[in-house]
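What follows is a pair of complexes built around subunit A, which joins subunit B in one and subunit C in the other.
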Partner chain A sequence: MVRIKNRYIAVQIVPYAPTKVLYLNDNTLTKCLLRNIEKYYGVYGLGMIEQGFRVKYINERTKIAIIRCMHAGHRFVSSILPLITLIGDVRAKFRTLYIGATIIQCNKFIIKHQKKFLDREMGQLTSAKERQDLFKRVMEFDMDR
Partner chain B sequence: MSGYQYLDVKLKLRDPESVTLTPVFLCGCILNSLASVFGEIGGQTSVKIVKFSASQQRSVFRVPENFLQRVRIALSLIGYYQEVPCHFQVLSTSPKRIDFEDSEEEVIAFI
Partner chain C sequence: MEQTRPFYDFCIPFNKDDKVMRALLNELVELGYKTIAIDQSFDHSRKEAGKRGSEMFPEPHKVEHLRKEFGDKLRILQRITILYVDVNVAHAMSVSLNLRKFNLIAGQPKTDAALTHCCTTFNGDLVTFDPAAGSRLMVNRKAYQVAVRRGMFFEIKYGPAIADSNNRKDMIKVAHNYGIKGKSRNIIFSSGAEHQFQLRGPYDVANLAFIFGLSEDQGKNAVDRHCRQLFLRAESRRLGKTIMFVKGGGPIVFSDSSDDNQGDSQDDEMEGCPKEEELDEESDGANGENNEEEENKPANKRLKTA
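Up next is the complex of A and B:
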């Protein structure tokens, strides 16, 4: 029995113009990634990663996505992420957060990452009013500035 | 350490009369194939023509050693030269400079 190794890449999509909600679905993201892989690594690169490639999760409010690909070609994917500037028709860039072997580890990391973000932001504020404002903004997913 | 490899390549065309065979077009054809198979990052290499003969449709290429495999893949996957069906035959590969066996007058030598 051969085990298939996967890699899960957690990315954050940073839009050029701050927006509350990204109008992106997994299909658009998949198409964009595959098109860029063909551009930079040709049909060979596309063939290496196409099997098992899937966008497992995309949250248009927190702007975080999880991409699954086979272990053999995950470097093709992770190396082109910084080169992408246009996703669908939205001008945005990718921030690679974490590369893990299971989706659970990725999920754990994202939770930790969000907690850390909240702690850092809360720590910088002094007055209770500002804290309440930030809390409200976070609850409404309006964190882009 | 990375040296160079020399490839003696023969172009076999279905209809040799209808094409213009020049060193630049031949090099462009190979670079195009490299770019389509391996893309903008994977297919960037320095392919240089050392010798070229239009009458024999043969040429000697110099490629970096670590790109030999990719260049040979790209060569085998070329199916058209100026929209004429063709294929490339690699006659020999060597780490030393190679020459055509029968050196003729019309051979163009570079460097």
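Up next is the complex of A and C:
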């Protein structure tokens, strides 16, 4: 069976100054990434990855995003992620969590990652209400984009 | 074998301010590094002419409190970077006692002659490159291959490359030079980050290999396996030829008796005690027979305390 090969890159956005909510949408993120690819690899790099490039998911609270790109040029994308220090107008850096071939695997990894994060944070909270809030906030997923 | 865990970052510049240091180390733990080296640099070319003492290298900075604080999460090593211009440094290094207190020794040559010396005869483990000086120094093929055969490693710092685009260009140039001259063998990545914002996770760093002209495998090894090899090499340089060494938890009493029976019983005692016995590899290769020797002749082992 022949099919189109994609790569899904799960990244976490770490802002310079710790903030709770990140004001970013998928459009800004896409623009920022494409601009940076043009900066580092020029028109050739942009042409290699522009087809099929898309930000599939971005969560403002947990600051996690999934980027889809074609298999052929995915190293152009993954190699410039560490060099970016400005996303939109926020000073932030990327942290690659996982690179997978299907979005389901990416999803699984993110859920595992978030559970680990929850385990660490839950111990510091006292009231049950706060815990429920945190749980909702961290585990929220809607993949309808 | 001395245990270390991946991933490695062998260049965290020392900062006098404990708060900055702590923030850096916390970020490193968060990103998943397990073994790091705190770097202090020493300029050999700026020595005073009158001072001809045996000791010209500084004492390592005190990091005991940091070590205690991060105990299990992070293994902190110490490294010195020696900036030098001529081969006189070799003599000073051979008589220095302070140098043995460092885990890693890196050389940062400033001239072409020094660079060749650094690759061929320098008694250290790592050749580094000064990002501020630009890319005038290029290693030549012969020296690079000698260095690879000797097990020296070459360092690429990504911290300054993130901050400044000129620097990035120089770093890419140097890294590709390693690729041209000898297929990018023996290369490690380290951060050299002054601020925790310049630090990147190990997988990000491995991805940087793409722009530095390394293959995917080499990139991964540059933060993992090569660093381990470098550490073992440095350790064997510090301890000399060693088959194994015993690390003591408390005070160790050696008996002088030459009686064989008593010697054996002492060995048994040592094994009964809750002490770590660790086998130190000479280097990456040429240690297969050492392992067997150790099993066959337990009485033959040399005890060293570390």
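The rule we apply is simple: the second predicted complex is superposed on the first by the 117 of 145 C-alpha atoms of A that agree within 3 Å, B and C clash if a C-alpha of one lies under 4 Å from a C-alpha of the other, contacts with A are read in each partner's own complex, and residues count from 1 in each chain.
As a working rule, a residue touches a chain if its C-beta (ideal position, glycine included) is under 8 Å from a C-beta of that chain, and two chains touch if they have at least 3 such contacts.
Everything quoted here is computed from the prediction, not taken from an experiment.
Asks: Do subunit B and subunit C fit side by side on subunit A after the overlay, or clash?
Replies: fit
Asks: Considering only the touch criterion stated at the top, classify A:Gly42 as touching first (subunit B), second (subunit C), both, or neither.
Replies: A:Gly42 contacts subunit B only, not subunit C.
Asks: May I ask you to name which of subunit B and subunit C touches more residues of subunit A?
Replies: Ranking subunit B and subunit C by residues of subunit A touched puts C first.
Asks: Would you sort A:Pro82 into first (subunit B), second (subunit C), both or neither based on which partner it touches?
Replies: second
Asks: Where does A:Gly100 make contact in the superposed view: on subunit B (first), on subunit C (second), on both, or on neither?
Replies: A:Gly100: touches no partner chain.
Asks: Now for A:Gly73: first (subunit B), second (subunit C), both, or neither, which partner does it touch?
Replies: Touch partners of A:Gly73: none, neither subunit B nor subunit C.
Asks: Where does A:Tyr16 make contact in the superposed view: on subunit B (first), on subunit C (second), on both, or on neither?
Replies: In the superposition, A:Tyr16 contacts subunit C only.
Asks: Between subunit B and subunit C, what is the shortest CA distance in the superposition, whole Å?
Replies: Superposition on chain A places subunit B and subunit C at a least C-alpha distance of 5 Å.
Asks: Considering only the contact definition stated at the top, list the common interface residues of subunit A for subunit B and subunit C.
Replies: In subunit A, positions 40, 79 sit in both the subunit B and subunit C interfaces.
Asks: Please give the residue numbers of subunit A that touch subunit B in the complex, ascending.
Replies: 37-45, 79
Asks: Looking at the complex, which residues from subunit C come into contact with subunit A?
Replies: It is residues 31, 158, 161-162, 168, 197, 200-201, 203-205, 207-211 of subunit C that touch subunit A.
Asks: Please give the residue numbers of subunit B that touch subunit A in the complex, ascending.
Replies: Checking each residue of subunit B against subunit A gives 35-43, 73.
Asks: Going by the contact rule set out above, which residues of subunit A touch subunit C in the complex?
Replies: Counting only subunit A, the residues touching subunit C are 16, 40, 75-76, 78-83, 85, 91, 93-96.
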